[in-house]
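Below are two complexes that have subunit A in common, paired first with subunit B and then with subunit C.
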Partner chain A sequence: MRKFYSTIFILMLCSTKLFATELTADAILDSMNTVMSPENSKATMKQVIVTTSGRERIFEYEYYSGNKGKNLLMRYIKPKKVKNNAFLIANNGDDITVYFPRTRRTRKLASHAKKQKVQGSDFSYEDFSGSESWKEDYTVKLFESSNKNLYSLEFIPKDDIITSYSKMQILVRKSDYYPTELKYYDDKGIHHKTLFLEDIRVIEEFPTAMAMRMVNHIEKTETRMEILDITYNITFDENFFTERNLKKGK
Partner chain B sequence: MRNLVILFLLSTILFSQLTEISGYVESEGDGFIIGSPQYFGYNKLRLDLDAYPTDALTIKASISSKLFWGKSEWSFGDFMPVSEELASTTYTISDTTNIDFLYSQLDLEWMHLTIGKQPLSMGGGFVWNPTNIFIQKDLLDPSYELVGINSFRASLPINKSELDIIIQPNDNLESNIYSAFNTNLFNHNLSLVGLQMNQIELNEEFSEESSKVLGLGFSTVGEIFGLGIWSEYLLKSDINFDNPQNEFVIGGDYTFDFQTYVMLEAFHQDNGAEFNTAYNDIDLLNYVAGNTKALAKDYVFGMLKHPLGEYSSISLSGIYNYSDNSYIAIPQVDWNPIDNLDLMVSIFKSVGSEKTEFEVQNIGGRLRMRVYF
Partner chain C sequence: MRQKLLKQLAEFTVNKTWLSLLMVVALTIILGGLASTLEMNPGFTDMLPEDSSIGIEYENIIDEFDNALNIIVLVEGDEQNIKDFADHISPRLLELEDWVARVDYKLPAEFLKRNGLKLLSESELENYTEMFTNPNLIPFLKNLNDSFEKEYKGDESIDTKKKETSAVRFLDGIEEFVDIQSEVFRGDIDKQFGKKAVEAITVGDTYMVSPDKQILLMMIEPAFNIMEDMYLVVDAVNGIESLVKDESAKFDVFAGLTGSIALQRDEMHAMEEDSFTITIIALVGILILFIVSFRMWISPILAILTIILGVIWALGFASLLIEYLSMMTAMMGIILVGLGIDFSVHIISVYTEKRNSGFPVLESMIETLQKAGPGIITGGITTGSAFLTMMISDNRGMYEFGLVAGCGIIITMLATIIILPTLLVVRERVTKKFDKLVQPKDVSYRFLGFIAEKFSMRYLFSFICLMILSIFLFYRASSIEVDYNYLNMEPEGLESILLQDKMIDAFDMSTDYVLFTLDDLDEMRQVTEKAKEMKTGGSVESITDYLPDDKTEAQRFHFIRNLRRKLNSTQVAKRLTTEQVEQFILELERLEFNIIELQDMAYIGGQDKIYDKAIYLVGEADDTTYTGKLTSLLSSIDEKDILLPLTYFQQQFAGEFKASILEMANTEPLTLQNLPSEIRNRFIGNSGEMFLVTVYPKKNIWEDVNYLYIFAEESKEVSEKATGFPLIFIELMEVFTKDGVRATILAILAVFLILWIDFRSVKYALLGMTPLIIGVIWMVGSMELFGQMLTMVNIMAIPLIIGIGIDDGVHILHRYKIEKNLYEVYRSTGKAVLLTSLTTMLGFGSLWFATYRGLGSMGIALFIGVGTCFLATLFVIPVILGWTKNGK
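Our next item is the complex of A and B:
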């Protein structure tokens, strides 16, 4: 059965590729979401933060994604100082809860806290939210890309969306609809950060960026993320993405 | 006896294949001008032991030892605006070894059970938590970890909500009981709380008196128009409902686009001490003994924090005692220069007229270093 679905999936990709020149921005976003949002995933990630002084800080965390990226749970493994610190991003980033193991306290963050850096990295909480809701939250336009192998999409947030970005630009590969670059613009329209998705391999039938690099053009810092291991063949019970499970670090 | 417990704990946990040992070493130095400059501090070792015998079972233990240095003999007048008779009463602090936590936790699909000396944090307040009847935070360091409470806790998931019951047995079996129904309403976390506690207070003869108190309250955490908002309320009374008392907290926070974080929190308690020209000694001792959440009736806490680079921040926090018009301001720098090392420098500046809560300390400073392993 699984093979059958894979075949259908590949056929769908091929059929959309045949009509690539006529695709709309929404259709490209749909295809991107299909390849970007497997039902579930579990990964161990290494995060290297390059500070303004050029020094490197290394973190390691477990990453669980469920319901096509709608829910996300991250739990730090290293260094010792942050071990078992965890956060839960549910409902496509609308609900963020953090957990502090030393006090065993969970805290729901208000939407303003999405702007805060996660452990001093160039990623904010907002950057971890899934792309499933982008179609509803943003007005998407397709632009000519200087690279004929890439689509260029522009995302402008709708009025009722709380985000610290005034615009996002995403370059998407025509070959498999996988993004290679995300540019984030701040509220003044200044190009603030760029996320590069690199070393893209097919893991269990899904294209996967094994390395990601967020470059902060304002602060001249950089955060790299490497996937140490990942699987999409996983299911989570209904209580996995809950505050209760957030507290259960091992 | 304590050594035996520690030995048993260590041997049990160390020989388990699924044990994790971590902890930290913390050194702190404090200087205050209390008439003349006074210096004191401590070196602390904290050892955290976690074991997971099965997927459903967790054992956690934390042991801490504190070795003090500097000024060890204190008088009440050093840190409280007590009367002259009480001001010269002294006590000595000495080195301690404590078991901060020692508990086991069973996680089943339909129930989570925790038994032992466990950390208990509840309520939305940052500095004050009216619904937490078990322990209070340090007013000058509210985010510092608290020791555990010997208790039994059962949490029962009910759909997406939870029923939480905590029982803290006392020596006379007159238990403190906390129960809460935790749910989500309009994107706010809501806890409806009912409790029973033994309230201990000092009487006019400075001896402890215990009375049974019932309480009803709630706690919320959420946001309104992009602002983080929390509130906590407790109505407590004796069994005959003769003397109802209100306690509440309301707070809010916001992070600006330029990463500056601001927080405000206000606290009120009906049974706070009255201030005319001075506080009553009984009220001061009740507060120091942890019998009341705060000394006076009304307080405001504020904090402004801004990151300096990736791993340091500067903050200014302050507590204003509305009842006696005194306050303490705490500028602080936090720095995490390398992995697993935290440094903190803070200054305490107290302002208030004679015999007010924050008048005593004048000015002080604190340097703290914590190394995690």
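Our next item is the complex of A and C:
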């Protein structure tokens, strides 16, 4: 009997070891990408920014994500002043196009614009781009986390990548591989921003942060975004993430 | 010895009353004369340690750069009126030669016309080069639109405040250009139109006006050194203000003064008014309290008179110790009133008690001074010593405060012992009651005796209750927050502060910048570049903006030569075709679209100033009532009618434009010598060998203490010579906190030592200290409970309360040593202690009315502290005495 228990114990130990070795940084990133990057999604978002005069401004916009976050389309609903203004962020933030309904013209922003702040917020365009390409663009390492329920991943960009960050650190929940915190380090290695993913709910089988808070540690500012509603049960035709569709305001 | 001296003093007062009065009057005249020489100076740098490198550097900058501290005239009204007023008032201000060295309210237009292109960054120059290559109207508009559209593709984005401001200036130029077009098409032909349109595009508005053109700034450089004579500063500011206000009425504009010099005048004025008003409020409050509690009129008035004379003596003595009253020492008068009145309370209390018990005047006075005197002397010396411990501080403000308040309280104590007995006897002689005996009546507070007795009898239960309360308040005290927002200490409602806020809003001109001085141009360039990389830094100003290095200048000259070549090869068109008119309209429409898109991006990006400026040109998406000047122009143009005026305007514009750009496109190097005086003056010191770099923070540093500290830290990393108000404030906070802790510890030791010597007993000394320590814990805990925060000023209340709060226990224990009866002690001396606490609370509480909110926070802290020390004395001493007596 004693031998039986010893065998079981050794087997358990081996299996733990076996599973532990399997969970490499890349594997965790793959799992994270699976839960983070549903094929498509459509959401209504609310965002609060602070203007240069210190006034608070609230926006509501529709947010469409396709091809696992590679392509995004954001169309403003409120306030009336910017209704139907829209942004198309394609190819992981490399191509940014803006549509202005008052002039019915579109404009392209330069590729380096992905580093710039979006809409007076603490987010930059590249923060919106999907995590799908991270595996190719970054060297990922797994580190010990002080919280045993979380994995800690470190991302160092490869040389040929255009990014404003020298490093990212992401805390990922072991339970469902959903990230809770993304720390961004600037080109000098200073901890610049942290994105907190909060109020995580399971929507249509996907864990979803209903609130996001980007804290800028240098400028001591904070931008909050809320998801008012979201669905993943949506498909887009191939022309959806195009300039032509960008102009189709409601 | 002490008792003998006090007896002799009582006998002298009673037997030689008139001589004693004469001596008091003579001494008051002498010390009053000295007190009147004390001046006020509210400067912050004066409170820094003398060897503070930040303070020394700051004062060097003020010495070296005449315009480091300016008087700013803020003019508000319609655009034309404010500009007319500025043109009118400027020469009149310069006539005030003793006060005004120079007045700046315009950009150096001539310099910009000659060198504007050389001041642009490489990317700006690239854009402008394309925009300016063809001076003809329609190609210019086309190039302008191309450049606009390039904004979204190029390296530049409008993501900083500086760029936002420059975008607003650019739109401002377009607005004027559109205004001129409108006039041309209305048929108003003016030969100057071409020139004006070109100036609008190339130089812009040369007046220092806000983006909405409703506010204009004029910078007055003083002809005096503000560090030398504060009263000259006051005269100058008053004189300038009077002229500005009088003349502004003629132009239907509002004009007022702001900037650090006007602010200093207003703060000093507020301090002077405060110290007078608050002292009056305190005195009236104390008088009412006296009349109610002693149920008499004359004695309280005599007590008030005594304290007034005592404060005069103390101020007279202070004038021998310090040069002027700072923000810290200015409140000395009110502190002395609040504390000094206590001595009078004890004397009147015992004297009235003795007279009411049927004792004659001489015996009553001897009894009064012998019973109340030791407590008063010990109280005065302990309080004075506790204040004097602050002299250990490196901080000049704290050092002087300790010296002045410490000596002041001892002088006031001596004054009370000498003056009040004299006045009491004079009253008896004047009212001819000297030889009469008074009907006995009980004026004691029996309820205090009752409380003390109950607490003593139920010492264990009381002890547990007090322990629970103390632990709770200690816990609350430990979580009290520190308010680092300097603005919360500033006076409220002063015109200079209101105008400063208006200026900051309209011009994004933070006054909380960091300064660096360097004596080498190359080093200055390096520091400027490092400063531009500060994460917390906003715009950086230095002479490098006007004096590029050789490499940058060579690059710029390359663009400028190209531009010159292209421009020279382009002919000014004399005629326009109808097709060109159509093209003109198309380009105007394209310009409207570009501005609309810029406006939308600005709205989404939160850049209010660009958005608001664009409204003047293209209106708003959700507002149909205002269409904007450009939109109106487009809707009013009829292409058939404009060929002639447009051709005329094209001829004027293109000729002027070509000539202007060719003048700008010179390759004469910029040198220190050929910079205009407006620029030299801002960035080069009087010696000509010192250069100034100014770094503005990206956001309000007072809203977040961490941001303030990061900004300061980054500044120090750029250069060790960093100075400026943010750094001065941090140093002051650090010095105040460090010295506050040191002074508190030293004050506790000093008080304990004095009590030990006074009581000749460790037991009594410890007994006296216990309610004090508990009172301080209750004080800080209660402050936290009432939502108060520790500030740079009220942190001083903690060492102060050590000196103040000890008096309660001292008087009770002195009496207890004689009476050995808690009921009797608290009934009689308890009343005096309660009254002294209330008078002190009234004195400090009146600081709540101070315009200087920093002093208000100090007043509230001391008000709470004196109250908690009294309560601790009332509850804690009976429990300890009850335990030691009954617990054995």
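Throughout what follows, the second predicted complex is superposed on the first by the 222 of 250 C-alpha atoms of A that agree within 3 Å, B and C clash if a C-alpha of one lies under 4 Å from a C-alpha of the other, contacts with A are read in each partner's own complex, and residues count from 1 in each chain.
Just so we're on the same page, a residue touches a chain if its C-beta (ideal position, glycine included) is under 8 Å from a C-beta of that chain, and two chains touch if they have at least 3 such contacts.
Just so it is clear, the structure is predicted and the values come from calculations on it, not from any experiment.
Visitor: Do subunit B and subunit C fit side by side on subunit A after the overlay, or clash?
Guide: Here subunit B and subunit C cannot both sit on subunit A without a clash.
Visitor: According to the stated criteria, A:52 is in contact with first (subunit B), second (subunit C), both, or neither; which is it?
Guide: Both: A:52 reaches subunit B and subunit C.
Visitor: If you stack the two complexes on chain A, which partner ends up touching A:107: first (subunit B), second (subunit C), both, or neither?
Guide: A:107 sits against subunit B and subunit C alike.
Visitor: Looking at the overlay, does A:239 come into contact with subunit B only (first), subunit C only (second), both, or neither?
Guide: The answer is first: A:239 touches subunit B but not subunit C.
Visitor: Between subunit B (first) and subunit C (second), which, if any, makes contact with A:81: first, second, both or neither?
Guide: both
Visitor: Where does A:98 make contact in the superposed view: on subunit B (first), on subunit C (second), on both, or on neither?
Guide: second
Visitor: Considering only the touch criterion stated at the top, classify A:190 as touching first (subunit B), second (subunit C), both, or neither.
Guide: second
Visitor: Which partner does A:90 contact after superposing on A: first (subunit B), second (subunit C), both, neither?
Guide: In the superposed model, A:90 contacts neither subunit B nor subunit C.
Visitor: Quick one: is A:225 in contact with subunit B, with subunit C, with both, or with neither? Answer first, second, both or neither.
Guide: After superposition on chain A, A:225 lies in contact with neither partner.
Visitor: With both complexes superposed on chain A, which partner does A:164 reach: first (subunit B), second (subunit C), both or neither?
Guide: First partner only, subunit B.
Visitor: Which of the stretches 19-27, 55-63, 163-171 or 217-225 of subunit B runs into subunit C once the two complexes are superposed on chain A?
Guide: Among 19-27, 55-63, 163-171 or 217-225, the clash with subunit C belongs to 19-27.
Visitor: Both subunit B and subunit C contact which residues of subunit A?
Guide: 49, 51-52, 57, 79-81, 83, 102-103, 105, 107-110, 112-113, 116-117, 120, 186, 221
Visitor: For the complex, give me every residue of subunit C touching subunit A.
Guide: 149, 152-155, 157, 159, 161, 164, 505, 508, 535-536, 593, 596-597, 600-601, 603-609, 620-622, 698-700, 703-704, 706-707, 710
Visitor: So in the complex, the part of subunit A that touches subunit C is made up of which residues?
Guide: Spelled out, the residues of subunit A in touch with subunit C are 49-55, 57, 59, 76, 79-83, 85, 98, 100, 102-103, 105, 107-110, 112-113, 116-117, 119-120, 186, 190, 192, 218-221.
Visitor: Quick one: which bits of subunit B touch subunit A in the complex? Just the residue numbers, please.
Guide: Within the complex, subunit B contacts subunit A at residues 22, 50, 52, 58, 107, 109, 112, 118-119, 121, 143, 145-146, 155, 157, 160, 162, 187, 189, 221-223, 226-229, 253-255, 257, 259, 261, 307, 309-311, 336, 339-340, 342, 372-373.
Visitor: Using the touch definition from the top, list the residues of subunit A that touch subunit B in their complex.
Guide: 49, 51-52, 57-58, 79-81, 83, 94-95, 102-105, 107-113, 115-117, 120-121, 162, 164, 186-187, 221, 239, 242, 244, 248, 250
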